[in-house]
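For reference, the structure is listed below as structure tokens.
Note that the chains take the letters A, B, C and D in the order they are written out, and that residue 1 is the start of every chain.
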Amino acid sequence: MSIEEHIKIVEDLVKEFGEENIYNTKVPRAYRAFAHVKREKLRDIVRYLKEEHGFVHITTISGVDMRENYEVVYHLRSEGFSFSLKVPVPKDDPKVPSIVDIMNGAVLYEREVNDLLGVFPEGHPDPKRLILAYDWPEGVHPLRKEWDIQTIREKVDGKRWGKDVE
Amino acid sequence: MSNPLTTLVAVLFFPGFSFILTYALWCQWVSRKAAARLQNRQGPLHTGWQGTLQPLADFIKLLVNEDITPAAADNPVFNYSPIAVFAIPLATFLIPIQSLTSLRGWEPIASFEGDLIIVLFLMSVVILAVFLGGWSSGNIFGAVGATRAALMMLAYEIPLSLVAVGPAILAGSLQISKIVDWQVTSVNAFLGAPNIQGLAVAAVLLIGVVIYLICLLAELELRPFDISEAETEIVHGWQVEYSGKKLALLNAGHDIKMVLAAALVTSLFLGGPAGPILPPFVWFILKTTFCVLVLTNMSVLFARFRIDQMVAGAWKYLVPLAVLQVMAVVALSGVI
Amino acid sequence: MSEREFVIPIGPQHPALKEPESFLFTVDGEVVVDVEPRIGYNHRGIEKAMESRNYIQNLYLTERVCGICSNAHQTAYTGAVEEVGGIEIPERAKYVRVFMQELERIHSHLLWLGVAAHEIGFDTMFYYVWRDREVVMDLLEEVSGNRCNYAMATVGGVRRDLPRDKYPKWHKMLDKLAERTNYYIKVASTEKTILERAVGVGYLGKEDMIRLSGSGPNARSSGVPCDIRKLTPYLIYDEIPFEQIVVDNGDVLGQVLVRTLEVVEAVKICKWVLDNIPEGEIAVKFNPLQRLPEGEAVYLVEAQRGELIHYTISDGRNMPYRHKIRAPTLGNIPSLVERLKGGYIADIPITIAGIDPCFSCTDRMAFYDEGKDKTWTWTEGELSRYRKEWYSR
Amino acid sequence: MSILTWARTHSPWLIHFNAGACNACDIEVVATLTPRFDVERFGALIKGSPRHADVMVVSGSVPRKIRDRLKRIYEQMPAPKFVVAVGSCAISGGVFQDCYNVMEGVDKIIPVDAYIPGCPPKPEAILDGVVKLLMSAGY
């Protein structure tokens, strides 16, 4: 596949769902594409991509703290073409719709994002803690920018420690 | 029992406990070294000459290590079963080794009509001790290993006993020293006048040896059948909670069981200590070491079976084969 | 049936190399309904730490995400950073990276084969495979100076060159590896005790594997052609003639075949690289204080265990704003779970033990019986016994 | 040298504990078993059960979730027991210092008798470390 075909897929998607739901699209090189996606339309778009363009594989889901909001990035792949859908999530309502029923492979990635960034996947069949220790305090999500290492240690261990402190 | 002092010496030193223990440690070294060489390694090397003292070092170290009794396992069964696992083979060993003393004209300590049955019985009792020890250790791996050991016993015990009966039928005696005598006389007779019946007996007994060795692999928990202490599956199975002295006794008991098994094979099938030129003692050592080597070689060659495969295999192949072998022996015993 | 209640103290102890992980099983009667993997015992917080270190320091962190796939992680990391920064690396550096990557694949697959043999109690094969693995370890040491964690790739190229006078020797070592691997393929596909434990165990079909986004040898053993090296070529993989190994066994034997055949292919790639490597520089300069332009990049690499993704976001400083790593192991857990699901409980232990020893802390699984409100933990041994009872009814 | 010292120094049974290592140290520990290095030459065996072992070989930077297990396994070993920290991570946290989920070193959790530096240490170094420990551990 060449870069033209990849651009065509992205354009087709924009045509289908409209500029207001898919924006900031870019295809930096062949096999790669990025786009911002409205949270409400995420499930429809993922389903459309899966059914129309063969994006059956989900590589991973990344959670990013973009300071003014969170971004959950869904990396889908069809053959070699990796498409990253970025979903902005407001900080006062950290939730995304779960896509586990569409992409079965996403089941652990959503839990991981919930654990480390604190963006809850609504509709996930089993949104339990995955990565962090069982005695880890609630509400401490290490990938959020407001938590640096010493504040995490203060919260979890009750004191600051490490080579910077001594 | 003419001279109590001679008997005491015989029980304590030769061919008694000291000799047996030394010999068991030697056989452990032989086994470890042979396995290592087959696996392209060196094996023990720096403890004594070529690592010969390695089993002794292990034994002493375990004896002086802390002996932990887990709270869940604090009961007499857990504490005493290692002693049984150690002592029963040690005592049993006196019987097959009688064939050695009798040839030297010594007073036998424990040789009587039916001692073969006693040996087979005591060897099975060891499994009972293993089962109780594993079960009472309060550890899930221990319990699983114990159950597996008992299950395996159900599979291999029958062919093992059946095959051991073969030579006894031919010799017309259940006394191990008489079986040895029969082998010596019949081999001499065969060499004097070769005949077809003799060959047939040898062939049938060969099948017996093979079955016997396979069953011994299971009895000794060696490789294809080390299901009850499979390291990657259930850590060390029934031994998992034992440490220190108890583990030392368990390990020594295992070694003694191995030489006991080798001595039984030697006595029942290989003519005991009899042999030309060399003294009987040397022949006995050579033959038992050879058996240990054969067992080691077999154990290195295979992957571990699952318990269901092992039990099914034993009932499908070993038991019918053992029955057939005994029937052939009975038929032949009429001919001779 | 009702009294079988066990709770074992969880201690992730195993003589073979094991990452501490456990699985929580939901069973309805005899059938496994659900399996819940419990991971995170090895969570160190690397992604957070990367945000406070510069691009050169992060090389050492990415390398130590996994000591077995260290070069794959470095390839992906440097690739992503170079894509963000628009850094064009010299042609020779690409060849060196491919060479390292394929050597690492050989080392990792042989390691897996040995450990798998150890898992089924075939220690002799374990010793033989690991003895022959030392050949590739020597080769790696000769190239990079270390047996694991090679530190070969750097942002802008590679650190060390492949000296040309060594090539004849390396060719010989690679030939030896191919010869030995072919022997092990023969052993693994004919030795009866191995087949007993491998054929038909943990089967998963092609459709399910695609649905669950499995990758790597795990997926290729179920007939899914998913080799990133073919799908989205990176470095110089589009120029190299090599075959994508796909078999449709779907069971443990299929995984053994895929991995061993891939070793043979990797040897071919290494030899091709040595024959065709161009002369030239091995790196362009990159300064630890150098700032990268704002941007983001996704870099996919076919690591030994599957598809590896590094996703980096730069906000114009000399350290990443966010760097996401997803190792292939996590991506393969859903398909492992599916391999277990629907089967009888009795078949679980071999399934996990066979699929990939990296996952299998096989002794620790907890069962939750639907309907009865109790949780207990099973070991593989109990499972075997349970299977026996189940089959004998 | 008493006979006890002789026996103990010639029969170190190891247990390997992966406390959140990156696997590099672990494969090198396993490699010590293999024909090239063959730790059994010195009488050492790798055991699966902590009750059988004298020396615990720990690798890894000790993430929070595994901390308690490390302690428990250590307590299950019979005395005299020794701990060998293998690799930079086990010594000080290594490259993972200042990661939020890492305890930075095995000796913060349990007492350590010998440190084997390296990332990862070679199998020879691991052998050497274990032998040196036994020679000097106050026997």
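In this text, a contact is a pair of C-beta atoms (placed from the backbone, for glycine too) under 8 Å apart; a residue touches a chain by one contact, two chains touch by 3 or more.
All figures in this text were calculated on a predicted structure; none of them were measured in a lab.
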item	value
Count of contact steps on the shortest path from chain A to chain C	1
Most distant chain from chain A, judged by the mean position of its C-alpha atoms	B
Most heavily contacting chain pair (counted by C-beta pairs in contact)	C-D
Cα-centroid distance, chain A relative to chain B, in whole angstrom	63
Distance from chain D to chain C - Cα centre to Cα centre, in angstrom	25
Between chain D and chain A, distance of the C-alpha-averaged centres to the nearest whole Å	39
Where chain B and chain C are represented by their mean Cα positions, the distance between them in whole Å	44
Touching two or more other chains - residue numbers and ranges from chain B	39-41, 141, 231-232, 235
For chain D, residues contacting two or more additional chains	34-35, 47-49, 63, 65, 76, 98-101
Touching two or more other chains - residues of chain A	132-133, 142, 149
Touching pairs among all chains present in the structure	A-C, A-D, B-C, B-D, C-D
Partner chain D, residues of chain B touching it in the complex	32, 36, 39-47, 51, 53-54, 56-61, 64-68, 141, 231-232, 235-236, 239-244, 247
Chain B-touching residues of chain D, taken from the complex the two chains share	3-4, 6-8, 10-11, 34-35, 38, 40-43, 47-49, 51-52, 54, 76, 78-80
In the complex with chain D, residue positions of chain C that touch it	9-20, 40-46, 48-49, 52, 60-61, 64-68, 70, 111, 115, 127, 130-131, 133-134, 137, 147-149
Sites on chain D touched by chain A in the complex	63-65, 97-101, 104
Interface residues, chain A side, partner chain D - complex	132-134, 136, 142, 147, 149, 152-153, 156, 162-164
